[in-house]
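Please see the structure below; I have some questions.
Per-chain numbering from 1; labels A, B, C, D, E and F assigned in written order.
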Amino acid sequence: MAKGIVHYEVGEQVDIFLLIKSATKGVASNGKPFLTLILQDQSGEIEAKLWDASQKDEEMYVAQNIVKIFGDIHHYRGRNQLKIRNIRLAEPHENVSASDFVETAPMSQEDMIDKITQFIFEMKNANIQRITRHLLKKHQKEFLTYPAATKNHHEFASGLAYHVVSMLELAKAIVNLYPSLDKDLLYAGVILHDLGKVTELSGPIATNYTVAGNLLGHISIMVNEIAEAANELQIEGEEVMVLQHLVLSHHGKAEWGSPKPPMIKEAEILHYIDNIDAKMNMLDRALEKVKPGEFTERIFALDNRSFYKPTFHK
Amino acid sequence: MAKGIVHYEVGEQVDIFLLIKSATKGVASNGKPFLTLILQDQSGEIEAKLWDASQKDEEMYVAQNIVKIFGDIHHYRGRNQLKIRNIRLAEPHENVSASDFVETAPMSQEDMIDKITQFIFEMKNANIQRITRHLLKKHQKEFLTYPAATKNHHEFASGLAYHVVSMLELAKAIVNLYPSLDKDLLYAGVILHDLGKVTELSGPIATNYTVAGNLLGHISIMVNEIAEAANELQIEGEEVMVLQHLVLSHHGKAEWGSPKPPMIKEAEILHYIDNIDAKMNMLDRALEKVKPGEFTERIFALDNRSFYKPTFHK
Amino acid sequence: MAKGIVHYEVGEQVDIFLLIKSATKGVASNGKPFLTLILQDQSGEIEAKLWDASQKDEEMYVAQNIVKIFGDIHHYRGRNQLKIRNIRLAEPHENVSASDFVETAPMSQEDMIDKITQFIFEMKNANIQRITRHLLKKHQKEFLTYPAATKNHHEFASGLAYHVVSMLELAKAIVNLYPSLDKDLLYAGVILHDLGKVTELSGPIATNYTVAGNLLGHISIMVNEIAEAANELQIEGEEVMVLQHLVLSHHGKAEWGSPKPPMIKEAEILHYIDNIDAKMNMLDRALEKVKPGEFTERIFALDNRSFYKPTFHK
Amino acid sequence: MAKGIVHYEVGEQVDIFLLIKSATKGVASNGKPFLTLILQDQSGEIEAKLWDASQKDEEMYVAQNIVKIFGDIHHYRGRNQLKIRNIRLAEPHENVSASDFVETAPMSQEDMIDKITQFIFEMKNANIQRITRHLLKKHQKEFLTYPAATKNHHEFASGLAYHVVSMLELAKAIVNLYPSLDKDLLYAGVILHDLGKVTELSGPIATNYTVAGNLLGHISIMVNEIAEAANELQIEGEEVMVLQHLVLSHHGKAEWGSPKPPMIKEAEILHYIDNIDAKMNMLDRALEKVKPGEFTERIFALDNRSFYKPTFHK
Amino acid sequence: MAKGIVHYEVGEQVDIFLLIKSATKGVASNGKPFLTLILQDQSGEIEAKLWDASQKDEEMYVAQNIVKIFGDIHHYRGRNQLKIRNIRLAEPHENVSASDFVETAPMSQEDMIDKITQFIFEMKNANIQRITRHLLKKHQKEFLTYPAATKNHHEFASGLAYHVVSMLELAKAIVNLYPSLDKDLLYAGVILHDLGKVTELSGPIATNYTVAGNLLGHISIMVNEIAEAANELQIEGEEVMVLQHLVLSHHGKAEWGSPKPPMIKEAEILHYIDNIDAKMNMLDRALEKVKPGEFTERIFALDNRSFYKPTFHK
Amino acid sequence: MAKGIVHYEVGEQVDIFLLIKSATKGVASNGKPFLTLILQDQSGEIEAKLWDASQKDEEMYVAQNIVKIFGDIHHYRGRNQLKIRNIRLAEPHENVSASDFVETAPMSQEDMIDKITQFIFEMKNANIQRITRHLLKKHQKEFLTYPAATKNHHEFASGLAYHVVSMLELAKAIVNLYPSLDKDLLYAGVILHDLGKVTELSGPIATNYTVAGNLLGHISIMVNEIAEAANELQIEGEEVMVLQHLVLSHHGKAEWGSPKPPMIKEAEILHYIDNIDAKMNMLDRALEKVKPGEFTERIFALDNRSFYKPTFHK
């Protein structure tokens, strides 16, 4: 595969396809309109200016379209910028599609759903099993394509499902070490904890918060849905309330958005598992970009810390 | 009516009926069992020790029973205590009932429900009106008898309904001054905001948190119920989500138990109205107990402050 | 009246009078001087660049002058900008005055002072009444023209008086619902609470903090003046200290600038009333600018929250 | 002088005069009244129980009376207690007075006032000098006898003046090292900063907060008095406001009770000097009570820390 | 084995050996001395009063001695108490030793040291391996007997080593899931992170903080020792500093006692692993004591929360 | 000496030598490269743009080189900028050296080391004296040239030594007033408290954090070195640990970077002395730049406050 756009150095020439993530019109100091394009491929993003943009340019170069660009890499205010020498829309016969330019989970949707289904299949508590299966099935399509967040961690296509799969593996390892844990409950908590994000977020690409996402949040949305699911399935045991509690408390503290802190052992552990998987994802992605002996850029969701890559790490 | 138990002075004799709020067994330093009784009437509570308690005493003097006590008031470790000289159970013909000994709202249940019904009746937005009416009807019986809290404010029988009635009056005054407010929405928010307490709390007497109250809380409980009500009534407008948001955000901040802060104007105002009515109730009750020129005892829910009653107040 | 400057859309032509709020000189990348003008009318502000500004331009186009501008609206870095095609000073015969371009309270100064005077007239406690009347009279002129703040809420001409009038109405409604409140005290607290702002702030236009404002603040300034007023009027009752306490504590908490928290019931309620009126003002102004189904921009003084305008609100 | 009451060990006999600090009546488990006496001399306090107290005992053994006690020291719940074997009131001919039993500053009132007067005498800025002299003279009598606080530091007779004298010495040393400091301003700040305590506190013995102390606090009280003093002395320079600011800001932060943080260099330094002198006083008194190699009890005003006395300190 | 002391119910008779954990002398209201004994076996503790204690009793019944007690269980102020009917010291021929009465890790010292040694054996980075082995060997004896803390978690004999073994297992599981982790570094961090506790704490029984523990803390102590070890072993790579960093940052935040937050990926993960193992230990021990459908007592180190044991857990 | 670069006004011509602090390459909107130069002399810094920079320019105009510039002062975005009309490298015969352009302490290195040596010479506790002397000697060269910080206070050449000298003078004055202080211990604490900065920071010019500085911090580094010094000198008394504690706790609180708060009296006082000297330095430098009647710019390390220079200060 071609070199990703973020790996070009200043001065290098570029001649590649890129997806337009956003296009904004401006007026230059000479009074002429220009477009600021954010272009992306799977490796990341770069900014480019299209000077003296015509009316037609404005119509063609819009978000979600794919373009072929010839140009070179400049340095501007501390970041790389792509200087456009030639630009055109990709043509159908060139056979490129938007999904080729979007970062995606390193596991296929099929493999992910198989894995999760297996965990549900092995549950022994029927109430927990039926509610989990019902809700997963209900949202399966979005669940398999949505990111887990708009930024911070797993903010890529299918990031939500991939986050759940990783957490299930971690949960399984922990259950083996601490057998007093109720594994059905913990696995169900993992599968349901962020499922409300399919309603909170707008979709897999150019992800944003929906109005319901802003006003209710994924936690309250899913607590509601567990109640509805139990209703439809005519399930009445304490498991319903306990599952709601796991979702409700998975952010750990009121000030982090959980109206109730964990008050069930599995809820406490769910919170840690969520934390470890999210932080490992952020750390790996930040450390990938630096060399041994260097510090990463500051990571907002990790209290704005920089991390060091030891020289004895390759 | 007889003088309330909290108004007796040290040294005075007592010969009255009291309700046993709780009874706990202990063993004295001489090795004999005794009972610690918390006794109450509408004016408040007092502690009493029943020394050398027999097996039969233990069985008779339990919470919720009414006793006739003859004794006198002592001072012990900074509080009044009732020294029992004689005690017996009240007899049927004496015609006393538990509800005579419990503090209650200063308005009848009929008047309260009439007033609230009137507010609902005048709503113009049918979606808001139907959901509010449906949920009030569903929980009306408990709503009219439960306290609004286990302590802090309106912690008396029918306190929940009385808190709502006061808030409605205040909401009406505010709506008149700031006509940009959506009054249907604000009134519905007032009526529903604490309705989940009928599930969160155990009942009007010896009030405690239920398991659901602990694990989910009245906010999540009611957000669920609004969704269910809309379902049953087949209502689909944005009003459903907005009502859920009002309930969800009425504590104002994450750290005060609201997973989402107010993001609708009426939600913000609902939070203030709730605050004013609760604080006025606490303040009035604390100031009642002191004379002009004195400070009240510290009020925990008001940041543990003492309040001063000016000498020019009678 | 003409369309306000903030209501023009990108691409529209403009040919109107505007007041210069500020003018700053810069040097363009071609080495020539230019002026950055902030222009305003009652609807709000817009930025404009005057390129190749001559020495004479610099002298003419200064803050507080009124200009006639012909130009059009561009979009620049996420905000509208006015591109100047022609600019000149307004001429005397054109009959425009600075006060036409400044946002002002929606009630005349006369009506406001009448209303407040009526509240003072009805006070029964002579000590409270005399101090309040004395201080209001002393600062009446500035009180009627100053804003209530440099930003956040009521930051317009006569905003201070208008904030007090609204709070008095709200206080009256609350007093009716909670008759245990001392209304003389509460009304006096409302009238005096922000009166120190006539010393803390520099004036009604281009409002800033004075040195005394920075070093002492409006709270300490007014606490001083109450003492002086009592001195001059030879008043000695506890009312003096209690009024000082109301002013001293109206921000509610030490960390919000009140060296003593409220310790009098009316002081507590004064804090809530101030809060509600300030927040309603901010909310109404922010929501005015958006359409149903949209969120406002973030409001700093409301914990940086955005507010949603429901689709069922017109 | 006799051994102080806190220096007796468990088991030792006691036959000394003590001042009654407080006397509280209780009822023993045998139904008989008893008195709990807190007794003190200059070394500190001890508790004693007077069992089977008669009506006459109750009348004789009240706060501020001096008693002669014969008894011995017991250990009860982690503290020493004085077991009374014989008790009687001191008789006039025995020639003991309450002031012999109260801790007091280690410097005479005359020496303290001389020292402070000397600092005022050397001031060069007449405005600062006159205001400081005026206010000190106005409150001189109370200033020389009051404690600096009800607890924490300098909580002994004349503690307020002694705290000021120590701070002046420290200020002088600092001014010598950092000559850019305005010494008139700094010395005046030291002398005035806590002078409001003569109004905030009730007096030198059994010290408590007055109502004005609670509602206004010593900071606002003194800010007022500086304004009044300037008025009376017809002083109008910026020094008045700056002195007010020094008093206003000497607690350093809003959350520590200063409505404005220091915004003048001398205000910042005043805050540090106050801190050092107060903390040295607390530390010396706590460390006095322990042996090398031991930790002090926790000191609340020092973030509840214990301090260690190194073994190489004698 | 015999029934543990905490499992006896009120009213039951007791005739068992117990270890005296502490003995404190008091004086009863009748003037006679008594001893308050805290007695323990592996199941936990109970309080007992020995009334009318003679001089000889005081000498015999001291901490660390074993006694044979005949008596019965009472309830006193919300807790069980052992009423002593007969007490005597255990005799040599009865063959009981202090270690029989102390809670201890559920794994032998041999098994623990074998397991840890295996982890060290498999390390590939020689610098990390040698430092870890050196320090473990140096403190091995104490490491295998000390608790991990004085309270909160693993506060039992050999708790420190057991905590490390559990964490190693958890670290191994996590390394398998996130292969980007440097396992040598993480395992070494686990082994060394709390090793300074052998200096910070006083020993395995009646554990307290040493002076060095108070003044330096286990973190600074171990950071020092890593430097010394590297010195002695003449190791100079960056591993030394990185290991110091892992120890330094394992509490996660400055306010939790780490002067530097984690700035290495493995340091971040070490913090989570420490957290999970400590919290699981606390939770399991608290939940053990309650029945399904009940809440545990509040757990201080878990933000003072109570935890619920679901009814569907056995 | 010539007028410092920060003292030129807008419009003035400039013809002086300046040191290049940093040089960054950019690409102008016309596509041509340019250099952004930060230039400095002892008075401070100014920015300049070198347009149309050639390859040779890029090589010549790099950090640490000295240039002769002819140009004039412009105003750009609220700051002065130097418009370059002519630029060339300084020539050897012009006899200018980098150290002429760097701010430095107002005391010679010789005087500083003499003064500090005298304090050490007078110590009576041999253990404290020997450790202090040993560590000072070990790092003397860097100690005399390093700044005390990268910003905030004493961020100039030899700032570290100068900060220590000032603190020693202040410590001496305080010891004279509070003779209960152990002066050997306090002086040693002053000398050692920041000595770890010679390892934490990169050097006297263009100062930055080293990797060890980031991962360990100057506190842990020096605590280590005290242990090593004691080892080498075969010193074993409690002084070693107490000195470590002073260094460890000199930031005062966990959240300010001290893993242990002060638990020794001299440690507490050391923290205050450090604070006063640092804050006086910041305040003097900020106030120097403004005229009486003006406020300084906000000072980040003083809670982002502005300070006022009274009009009665010259």
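The rule is simple: a residue touches a chain if its C-beta (ideal position, glycine included) is under 8 Å from a C-beta of that chain, and two chains touch if they have at least 3 such contacts.
Keep in mind it's a predicted model, so treat the numbers as computed, not measured.
Q: Name, by label, each chain that touches both members of the pair chain A and chain E.
A: In this structure, the chains that contact chain E and also chain A are B, F.
Q: If you take the chains that touch chain B and keep only those that also touch chain C, what is left?
A: A, D
Q: Among all other chains, pick the one whose mean CA position is farthest from the mean CA position of chain C.
A: E
Q: With chain centres set to the mean of the C-alpha atoms, which chain is at the far end from chain F?
A: B
Q: Call it same or different for chain A and chain F: same when shared residue numbers make up over half of all numbers used at their interface.
A: Copies use mostly different positions to touch.
Q: What pair in A-C, B-C or B-D shares over half of its contact pairs, by residue number, with A-E?
A: Interface equivalent to A-E: B-C.
Q: I'd like the Å distance between the centres of chain A and chain B, where a centre is the mean of that chain's Cα atoms.
A: For chain A versus chain B, the centre distance works out to 45 Å.
Q: In angstrom, rounded to a whole number, how far apart do the mean CA points of chain C and chain E lie?
A: Here the centre of chain E sits 61 Å away from the centre of chain C.
Q: Two or more other chains touching the same residue: where does that happen in chain B?
A: 29, 211, 214-215, 238, 242, 263-264, 295, 306, 308
Q: If two chains touch, include that pair; go through all of them.
A: According to the stated criterion, the contacting chain pairs are A-B, A-C, A-E, A-F, B-C, B-D, B-E, C-D, C-F, D-E, D-F, E-F.
Q: Touching residues of chain C toward chain D in the complex: what are they?
A: 211-212, 214-217, 219-220, 223-224, 227-228, 231, 238, 241-242, 244-245, 248, 254-260, 263-264
Q: In the complex formed with chain A, which residues of chain C make contact?
A: Checking each residue of chain C against chain A gives 28-29, 74-77, 83, 293, 295, 306, 308.
Q: Help me check something: in the complex, which residues belonging to chain F touch chain A?
A: Its residues touching chain A are 25-27, 29, 31, 211, 214-215.
Q: Can you list the chain E residues touching chain A in their complex?
A: Going by the criterion above, the answer is residues 125, 166, 169-170, 173-174, 176-178, 180, 182, 185, 237-239, 242, 253, 261-265, 268-269, 272, 275-276, 279-280, 283-284, 287, 295, 302-303, 305-308, 310-313.
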